[in-house]
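Each chain gets a letter, A, B, C and D, in the order it is written, and its residues are counted from 1.
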Amino acid sequence: MTMRAITKVLVANRGEIAVRVIRACREQGIASVAVFSEADREALHVLMADEAYPIGPPPATESYLVIDKLVAVAKAAGADAVHPGYGFLAENAAFAEACAAAGLVFVGPPPAAIRAMGDKTAARRIARELGVPMVPGTLEPVASDAEARAIAREIGFPLMIKAAMGGGGKGMRLVRQESELEAALRMARNEAGAAFGDSAVYLERYVAEPRHIEVQILADRHGTVLHLGERECSIQRRHQKLIEESPSPVVDAAMRARMGEAACRIARAAGYVNAGTVEFLVDPEKNFYFLEVNTRLQVEHPVTEMVTGIDLVREQLRIAAEEPLGYSQADIAWRGAAIECRINAEDPFGGWLPSPGTITGLRAATGPWVREDSGAYEGYTVPRFYDTLLAKLIVWGADRGAAIDRMTRALAEYRIVGIRTTIPVLAQIVAHEDFRAGRFSTQFLDRIMPALTSERGRLRSVAVIAAVLAEYERLGHRTLPEPPPATQDAWRLGHRRGWRRA
Amino acid sequence: MTMRAITKVLVANRGEIAVRVIRACREQGIASVAVFSEADREALHVLMADEAYPIGPPPATESYLVIDKLVAVAKAAGADAVHPGYGFLAENAAFAEACAAAGLVFVGPPPAAIRAMGDKTAARRIARELGVPMVPGTLEPVASDAEARAIAREIGFPLMIKAAMGGGGKGMRLVRQESELEAALRMARNEAGAAFGDSAVYLERYVAEPRHIEVQILADRHGTVLHLGERECSIQRRHQKLIEESPSPVVDAAMRARMGEAACRIARAAGYVNAGTVEFLVDPEKNFYFLEVNTRLQVEHPVTEMVTGIDLVREQLRIAAEEPLGYSQADIAWRGAAIECRINAEDPFGGWLPSPGTITGLRAATGPWVREDSGAYEGYTVPRFYDTLLAKLIVWGADRGAAIDRMTRALAEYRIVGIRTTIPVLAQIVAHEDFRAGRFSTQFLDRIMPALTSERGRLRSVAVIAAVLAEYERLGHRTLPEPPPATQDAWRLGHRRGWRRA
Amino acid sequence: MKFVATIDGQAETVEVTGDHGRYRLTLGGEVWEVDARLTAQGIYSLLIDGVSYVADVTDREGACVVDVGDETYVIQVEEATRYIIRTKGGAAGGHAHQVLAAPLPGKITHVAVTVGDAVKAGDTLLVIEAMKMENEFRAGTAGTVAEVRVQPGQAVNAGDVLVVID
Amino acid sequence: MKFVATIDGQAETVEVTGDHGRYRLTLGGEVWEVDARLTAQGIYSLLIDGVSYVADVTDREGACVVDVGDETYVIQVEEATRYIIRTKGGAAGGHAHQVLAAPLPGKITHVAVTVGDAVKAGDTLLVIEAMKMENEFRAGTAGTVAEVRVQPGQAVNAGDVLVVID
């Protein structure tokens, strides 16, 4: 069935997603070529690939974002295809064109579709033409601060600044009042430039208490366009997703069909091919509004894989090889519920500050229905140059409650020593009654953080109390009751997380 | 719905299955109590349980097989239920009775059902009454060597000796001619006694080139008896399973229904409750013959879990709590294919000799659809007193081919240093064309081992050649060609397993 | 009996009364009623307002290492008199400088203040870019900028002093 | 040029001829045509009968550690003359004892021979129980049992001498 053989893939990325692509290649008998900056010589994707080549200094703008270097390495290594992962050049039409010009299959949509959909403002114009509902805002990037100020007054505050070429929450800023506009524009542009090599941003009206729900699509070169259902991605901090799940607790079969149909309509209009994601805002009344299209694999693709049984990276490679999907919308079935937690090198109770450094201890969660997609290992030093995502912990359960219980167990097993990670806050979110009830919006985490932080403060006080009582006892106040005889022989692990609380 | 609350479970086992049960407990908010012999103070199940208590010296006959100690610890710790795992006392009716007498819920079938089915000779009598086809042999244990010889002459050689109270291949011996009978009886009885605390054995005619296929059943206390399809367990060494999968490559929907119906009929006749397995031999013409019932969770239960989405340990606990299953046979659906590989501390190319010792390095396989159920960790010392199973590597794929490709990838990622394991032979079996084609019987591994071993011998010769050439070069014969310029910057991992072979 | 517990560089006074497992501690202006029990070597079971905590207390080079929940804290505990002698008056004796040190390695992308500026609590001092994040750092208290030791584009290591406020 | 490679206690003579990446080696009575190439520091690419092997050769305390396929071998390589001098005649010079040492720790459950018994290759000598397995050990060559150092029930450590056959 293969129309265009793919035998060796250059993975133009790093971290867990590079590892994910390398694994998919290996499972299909395809050789993999890794690239690495000077900061990544010991990264896991380098250790796992069949071949690995250096591409320059640590800053991404001098390595992972340099199109010429990547194409040159692909050609020199004899690769016949390039997988861009997510981030970096994944939504860069010029990169897709450069690959095609060099005779390399780009594992992603055609450059025209990337241009039409990847540029958020252009995608909004298409959605408007198709009559898909969307949030008011600019249909073009804003050129100057002055123009931005004028448009902002029209839209009204609060509003959102978003990166035109971006995704993953980078270059996104909420602006509550006009006085914040200039600083927010500067930071959004800086982040967008560093992350995507393009600092263009646009403005959009802010919707209060929305959910962020997105639809996975797959389209082959033979006219088949399918959707694989939705992902709920409302648990965010700094506009970046932290926990995702599928299905969404608020989407039923009818709504899934409507959102899926809208997503496929947009994909067809843009001549879309390969895997993509159509993002929607959903308001408390369950109305959905088109937001943007991500013309690539998403970080959170595993939750869709777990409920549909479809290997999205495998499908990406098959589609790129010009194979037909070979199944139809009616063949897509959903089973159970899947949740993904992002384990980032960040200090959740220290203002989410990045936490680069050496991982001196790592024990991952394993066991039934627990999946770990990781770019980290014990002894690995997390460099300060790239994003904070270390690993994704994914669980599946027969229903949402079972998946939450399993995630609670898995987070309790997962231990990373040496750097701060999001694990403690993930454990607290998953244990939160509103999370279990499915009552949340994208504001959820910001709203509950003060309470979570004060709970952490209480834990700190408990630690001080324990330390003081130990010293009190050491000084001769040996008045603590003896252990009872029944448990004298018992050995208890004091490091348990979460669920032991009475 | 719960009729009898279970809040704290004593896990009367060790190793990966104890860890499996502890995880299931934690996911349901049930506290777990581990027990450990003097050799197991640092075992993973001890580190993971909520509480852990010592139960005596290393030999299982002085610790894990001592009913009084286990019941006393369960009572002292305030447990309200006992999960026996597999092996040890899992199929011991006296243990189930002792638990009941102490007011503890035994997570398994009622003592009468264990007696009726767990005793292989009694089970054979029931199956005969129900008209389920079976292999000719004794319906009672053989008392003396003299009696055995007389019966053996009746059955004819070759024949099988099997442990009456056993399972898992322990106490099983093939006898090709009468002169081997006495020694084989002695070793089978020793193994059976050590493994199950009962050295009774029986004789059965030997079936040539059979497949070992078993059916998983679930029965609640409210009259519901279901089957969850079959597991193919024909890849064995020393009559012990090494690789299992579900579905079997030779079982279609009609045959699955027939085998499932026979299994449920036997379970109903015995008043069976909880999870159990009905084992069959299947001949090359796809006729199936009843072999025995295992009145417990099987080592290989995960492959059934992966294709059905049903958490068998969770169901065991629910059934023990007298909850109804809440679904019917029509609700059981199978998706894709799952394979399990047993990673044992054995030297497959050194006569399968056990390989106890310290694991100095361990990197488990992870990523999409890879599950690891393990009792080992880096730094763990495998004691010499218990069976060799360290971990189970389980994968799921959309079809059998995808599962095999994924297992190949996962075995290549899995690395254990410090002791010998079955990983190298597993990798070779999974790569074998007959395995991929589904062409095998329980004799498969014995038949291909000589070829696999000679391939290993070749690897050893290649190692000697590489070492000699390195020394040759060191001594001044620097005649090896320089690395070519194109790959000069490349970094390659020389430790790749399996698939890199040209 | 009074102790001083030092955690993350902050010294806190803790007063303990009670015995036989029932204690009253004063800490951070709050009173804590604690039921404590040593369940095994170094493992304390604490009941506070009906909530059960298990704390694992070990000694490392004279400091207490406390594992509780999923966190590990390193805490220096001293009898209060001894602490006061050692520090010659304790933390209260020093002059109230506010020093912003880099909490992580990264690159300065923006400096919002110059020497002599008056700042109030919450004002942005500078921005460090690390791991593709722009991280803003703000003044903790009001004061006057005494030193600015970095400029935009400069790479900094964790611990480098960036800004001093008097 | 002749070498002696010692692996798992067994010494094998290896003869090498050829250069510039094309070699002929004689090893264990077989002739191997090898195309060898050093692709990076210590990493050899070998082509043998069209099959490609990647071997990683490193030095550890004077011995070669070779990683190939999924196996690691520790091999002592010496130029043949030097080996003969060091061993004063090499392996062939010794008397042909056959010593059964315990390859793993366990418990002796059965001893099938006594001193003076004549055994032939393949005869069972004894059984060691370890990890719930009964592991039979057999005579490698014919001979007479000279020593039996263990009895049933006895625990043994890896390396303990169990039986000596003359």
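Here, a residue touches a chain if its C-beta (ideal position, glycine included) is under 8 Å from a C-beta of that chain, and two chains touch if they have at least 3 such contacts.
If you're wondering where the values come from, they're calculated on a predicted model, not measured in any experiment.
Undergrad: Would you mind naming the chains that touch chain A and likewise touch chain C?
TA: none
Undergrad: When the centre of a chain is set as the mean of its C-alpha atoms, what distance in Å lies between chain B and chain C?
TA: 52
Undergrad: Report the inter-centroid distance (CA atoms only) between chain A and chain B in whole Å.
TA: Whole-Å distance between the two chain centres: 37.
Undergrad: Taking each chain's centre as the mean position of its Cα atoms, how many Å separate chain C from chain D?
TA: A distance of 61 Å separates the two centres.
Undergrad: Please report how many Å separate the Cα centroid of chain B from that of chain D, as a whole number.
TA: 32
Undergrad: Tell me, which residues of chain B touch at least two other chains?
TA: Within chain B, residues 412, 487, 490-492, 496, 500 contact more than one other chain.
Undergrad: Indicate the residues of chain D shared as contacts by at least two other chains.
TA: Counting only residues that touch two or more other chains, chain D contributes none.
Undergrad: Would you identify the shape of the chain contact graph, picking one of line, ring, star, complete or other?
TA: line
Undergrad: Please list each pair of chains that are touching.
TA: A-B, A-C, B-D
Undergrad: If you look only at chain A, which of its residues touch chain B in the complex?
TA: The touching residues are 19-20, 23-24, 26-29, 41, 46-54, 76-77, 302, 305, 309-311, 313-314, 333, 335-336, 363-364, 366-374, 377, 396, 398, 402, 405-406, 408-409, 412-413, 486-487, 489-493, 496, 499-500.
Undergrad: Any idea which chain C residues touch chain A in the complex?
TA: Going through chain C, the ones touching chain A are 1, 3, 5, 7, 12, 14, 16, 19-21, 23, 25, 27-28, 30, 32, 34, 36-40, 42-44, 46, 48, 50-57, 64, 66-71, 73, 75, 77-79, 103-106, 109-110, 124, 127, 129-135.
Undergrad: Tell me, which parts of chain A touch chain C in their complex?
TA: Checking each residue of chain A against chain C gives 170, 183, 186-187, 190-191, 194-195, 238, 345, 350-356, 384-388, 412, 423-424, 427, 456, 459-473, 475, 477, 479-483, 487, 490-492, 494-498, 500-502.
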